[in-house]
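By written order: A, B, C, D and E. Residues from 1 in each chain.
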Amino acid sequence: MLLTINQLTKQFGGLSAVNDVSAVIEESKITAIIGPNGAGKSTFFNLISGFHQPTSGRIELSGQDITNMRAEHVARLGVGRTFQTTHLFEQATVLDNVLIGHRLRTKAGLFDAIFRTKRERDEKKKCLDKALEALEFVGLTSLAYEQAHSITQEQQKRVAFALALATDPKLVLLDEPAAGVNPDETEGLSEVMKKMVKRGKTVCLIEHKMPMVMSLADHILVLNHGELIANGTPKDIQKNERVIEAYLGGNSNVSA
Amino acid sequence: MDLLFQQILNGLTVGSVYSLVALGLTLVFGILHVPNFAHGALYMVGAYIALTVMTALGVHYWIGLIIAVIVIALLSVLMERLVFSRLDSKDPLPIMIASIGILFFLESFAQYMWGSQYQRMVTPYGDTIQIFGLTVTMQRLLVIIAAVALMYALHLFLTKTMTGAAIIAMSQSKNGAFLVGINATRVSMLTFAIAGGLAAAAATLAAPINLVFPSMGNLVIMKAFVIIIIGGMGSIPGAIIGGYILGMAESLGATYISGDYKDLIAFVLLVLILTMKPNGLFAKGVK
Amino acid sequence: SGTTGGESGEGSSEGEEQVPEVSAGEEIINIGYTGPLSGPAAFYGENTVSGVRMAAEEINEAGGFEVGGTTYKLNIVTYDDQYLPNEAATNARRLVQEHNTPVVFVPHSGGVFATQVFNEQEDFMIAAYTSEPEILNQGNELTLRIPPAYDQYPEPFVKYQQERFGTRLALLPTATQYGKDWTEELVPVWEEFGGEVVYDGEVDFGKDTDFFPIVTNALNQNPDVIFVGGPSEPTALLMKAARDLGFEGGFMVMDQAKFEEMDGVLGNFDDIEGAIGMLPIISSDAPGAESFIASFESELGRVPTAESAFNYQAMYVLVEAMKLAETVEDPQAIMAQMDAGVKALSEDKLVWHLTGVENNGFDWMASIAAIEDGEIVLIEE
Amino acid sequence: MKMTKKTYLLLALLVAALLFPILVPNQYYLQILILVFIWTIAVYGLNTITGLTGQLSLAHAGFFAIGAYSLGLLTINAGIPFWAAFVLAIVITTIISFFIGIVALRTKSHFFAIYTMSVGFLIYLIIYKSELTGGVRGLIGIPNPAPIGPLTFESIQSYYYLMLFFLLLTIFFMYRLFHSLLGKTFVAIRNSEELAETLGISVMKNKLLAFVISAGLASLSGALYASYVRFLGPQMADIHVAFEILLYLLVGGIGTLAGPLIGTFIVVVLTQMLQFLEEFRMLVFGPIVVLLILFYPRGIVGGYLMWRAKRAKKQKVADANTTTKGENGNAVNH
Amino acid sequence: MLVLKDLIVSHGQEDVLRSVNLTVEEGELVVLLGANGSGKSTLFHTLSGLVRPTSGELSFKGNSLKGRSPSQIVRDGIVQCAEGRMLFAQMSVHDNLKMGAFTYKRNKKELMRQLDYVYTLFPDLVGKRHSPAGSLSGGQQQMVAIGRALMAKPKLLLLDEPSLGLAPLIVEKMFSIIKEINKEGVTVLLAEQNAYAALSVSTRGYVLEGGRLNVEGTKEELLQNEEIRKAYIGA
């Protein structure tokens, strides 16, 4: 198990955004999290990645307790993520964005900076290589020198992927990666995710686009009102009455 | 005991002035998203305008106050039109510097127009009266009453009218305001006008208990900054309560802690509060 | 380059031709000034510089002065330093470098300190308008202190007030170094004559918006006399606040605050009845006072204060010293003739009783006045 | 080719700076340049925390003053040799700034600005009220910098070279920082703290480092100021000084390498040129500041960089147009 | 009702819309399809007056929209529910909706009626009415945004990717709401990625590619167009 979640709860005021959820995320698989709006999916991600601290419960990454760790620390342990609304360093080029993604694996400090030590030079090269690799991975090499805010939605999503990948993560959390992306390009993103798994990453995504989820996911978790209401393969989920009632709806274009 | 009540009364007087100034500052903050350093200069020019019309035209104190409020409201709008509306609202630093530039200009202008010496504004309410064994000048009572009345009126305006709500809406999303048909230009002009008016009113109310001079705004504005931070930037109740907290802290602090280090109180208070609550006392917990 | 010469009157910015006219054989000697001409202390700066200017204009109108066979006319070159020491130093360098001024008037202690770092090296004299005693303790031979030392005031003040009002004293002077130094001078005298200090506070006129809280605290100790001081107008207001809060005793007023300026704030002297302080320059009985006051009033439209008067006086003495030293350029020589310069000054130019120069400082006679029945009364000379 | 042109320009500037005191023996001009050099170092300090890292600090007049006063007190009261005191002054300030930073950096954006403004004000009040610092009277009698080997610091020329040396050192330091991974990390934090945190960057640690570096530079500037002006008054810690430093930075161009130098030079020289207006110079200076900000919100260097980027882009678009013209024609024919 | 002629809009140096011609008749529900970055949002921003066109004509009900301010355009009856929502994050959901009625703010009765209508369309919002809008989940915020646009009683409603981030059930429901709104006489211009669902409720559609309107057709025509099926429907 890469990630084990035990009785996780998060309350905002009186509201339980995530309520007593236990689940596991398997290594080198794609796990999808679905559920109605406000079900607590993003909150769930925020808890894992250390952005919010849970009210109770326990999170373990490869056996290590990360329950109350801060985001930066969790990232260093190998959890990369993207946000629901795409979030980039807007005032920088695409390359500079991704370059910084690998910073957490480097150590060069003030001394190295001023004296331009070997470490500084080596690490700079390493960051650059990593960034170019990540950009190539998502197919954006040609946009490396564009400003991040001036490229399209879908390209920004890809940069966000690259950024997450540049951190050398074991687990990648993707919050609605295909929102606002047209079907054609959605497929492209699916390919990228599959490629990630091939490279040994574990992917966990939140998505409302059922065709994509059903064809991509190995495993699906369904949240509703903060609670885990179903947990299984896409096939199981599509047939699950509670899920259909709460989320999918009768004639949903699941396979369209 | 008498001492305590006397000091509470003193604290209320200063607190009222602080609150009025902080209120204007906090309103404009909603538009600029930056503290407007020129606000203190508006306060100062307001006092001069009232003083000038009172002495030159011989008008009554209240007329002087009203004229000052109108003139400063216009000046404030002019500032918004000529400078702030032309700056990119996403970039806070240029706005801050522009406001500092305006501050330099207005202070220098006041010195040019009215000279740099201290001047005194005579109030028709200079008498002292005794209530419950406390000594108050009428003017001080007036400051408290008028300030409370003004604040209540503003509160009604902001919460009970859609135009008031539009001011608040603008401060949260400019484009959102456009999309519901709010005339953003008009709202931001209105906001500046109200803020300027409040500053002029505060200045004219406070001037008789102090003096009128070109750098008089500096005294108040620094404290107003502290107040809106304590109260949470952009928070209306925060500005009012913060103003009174500070007024009280100063008058009571001078009595029971140390007169010498009274000026420190505001800043120590701020540092303490922000150390514990980095977003101020009344900040709303929304991302 | 800087504007030179006599900018007259407040608020007139039109640039009249300011360098004095010279005819054949005459020469111009520049005198420097750096002080706060803008910012919070601008009024003070204006008061100091207008005294220097008036003296220079009068001397020029009288045909200048002769040194070593050449007739000189004075030209005052001014720069604004906003009361900042390093700006004052920069201005002084500029005055010396670009305008060749042998003397620079500096009306604040910070500016004097910063200028003293190099004035001996660069060979110019500082005409310092500050009572800060430290400026003369630096061993700087080219610094002249213009205003009177304040140690002559406490004794007559204390005697007068203890007799009239009593022995309980509240301290509420300005929170500046000058205020502190004054207090240190005053308190031992007060206690020596059998008084006690019942409240020890200070007022920061630069930061306090309201004087009621502190005055309330002071009055809570039932003082007979309050010691106040600072800029005249807010000091007056502070005294009025004490009266408003029911204080009936007397005031001792530090020499920085002037009765004549309080008039403008209070309208009359009723609220400060029983105050003792410095004699206003307008009440001076020195022979030159009347004409000085008259021409100051006609030029600036208000009564002169001590700042203007003392600087006016200093400029006159400086010219006398130049004549005696037979040089307009050598500050050392001029400095050496200062005392003689005072004595050589004709009586009708004396706006106050100036007796000489001792230890590089002007020696003025103390003139103390009190408010009795709403009138200014001379107490001691 | 462009690179070498730039290098030549920089070399020429350097030579001009080195020869200036010999060619122009005007002490007033030297004084102005010395002050420009000193201030520029403080502005580089502010640029590190505000320009690179995006946290507007108004406490820098305070750090400037702490550096200066530390030097003064260590030499006058403690009798420590000048250069030892000089180094100690910087160390002391960085330590103080470290503790202030730990608390202050928990606040964000304008909260941080006003928080640091208050800290600056507290530093001012402490200097103003304390007996130790000489209070309002100020600190008098700071010694000349002690000779280093054959180099003595008595004449204004020697001061000029001393300040120039430290300025060049600072510029070199900033240049290296700008182009390092650390520098890029600072910029990332400026762009988005939240994102930087998800990327595993320790935001607090980096901000603190930037803050301490910037306070260190401010104190270096303060110590140089103290050794040059040799008199210190509390007004050097005043909030106006913080505004002034900020103004220099903004006029030059925030977050740029050349901005602090250019901005400081221009503003200082401009204020000197406006001296003829005497008490009314702010009447002109204020509007100039406003106009400058209206037309060059990113400062002079920022404006230049934007203009260059625009021109490059225009060039690109023009190039692209000539190649796509054909396609357009086709589309019409269609 | 709405006519665009040779509209050119640029961001800085680059033309984002290059000569767009488009008409929407009263009562229609027109869909605007287009890849990411093809300029849909830019077109909408131009219509709402948030972006000024470089050249070309825009008119609404025969009157030119050129030079009209965003607030005047809302008063004219063109209301947009924008991508990115642009809510008043710290105001309550209820107040957000109320602000939607800004143009007829004095008519309290009308306002209340419209409010009721919106709450019946989005019952999920009832329970959240007093929460600050910024604390809602992504999908809930989207509902508030649509609700707020409806509060303005639009004649022409511009919807920019309203299904973004909504759960399938809600998406379904939303499209039926859009259809309903349209039936009640509101003209709708809808930009969508979810082409199939959008076309299903529409009368007509346009396809925007690289800033140009390349294809135009009725719902049936577009649904049968192979290329469009491939690019925008994905099956």
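Quick notes on this structure:
As a convention for this text, a contact is a pair of C-beta atoms (placed from the backbone, for glycine too) under 8 Å apart; a residue touches a chain by one contact, two chains touch by 3 or more.
For clarity, every value in this text was computed on a predicted model and none was experimentally measured.
Under the contact definition stated at the top, the chains bordering both chain C and chain D are B. For the pair chain D and chain E, chains touching both partners: A, B. Centroid distances built from C-alpha atoms place A farthest away from chain B. Centre to centre, using the average C-alpha position, chain B and chain D are separated by 32 Å. Between the CA-based centres of chain B and chain E the separation comes to 42 Å, rounded to the whole angstrom.
Each chain gets a centre from the mean of its Cα atoms; for chain C and chain E, those two points are 74 Å apart. For chain E, the set of residues touching two or more other chains reads 135.
Among all residues of chain B, those that touch two or more other chains are 107-108, 111-112, 116, 260, 263. Under the contact definition stated at the top, not a single residue of chain A touches 2 or more other chains.
By the definition given earlier, chain contacts exist for A-D, A-E, B-C, B-D, B-E, C-D, D-E.
By the touch rule above, chain C contacts chain D in their complex via residues 1-3, 7, 13, 37-38, 42, 45-46, 78-80, 83-86, 89-91, 93-94, 96-98, 109-110, 113-114, 116-118, 122, 132, 134, 138, 175-177, 180. On the side of chain E, the complex with chain B involves touching residues 48-50, 69-71, 74-75, 79-82, 85-91, 95, 98-103, 105, 132, 134-135, 148-149, 151-152. Chain E makes touch with chain A in their complex at residues 11, 34-37, 83-84, 124, 135-140, 142-143, 161, 164-172, 193, 195-197, 230-235. Residues of chain B touching chain E in their complex: 162-163, 165-166, 168-169, 172-173, 175-185, 284, 286-287.
By the touch criterion stated above, chain D contacts chain B in their complex at residues 50, 56, 103, 106-111, 113-115, 117-119, 121-122, 125, 129, 239, 243, 246-247, 250, 254, 279-283, 285-290, 293-294, 297-298.
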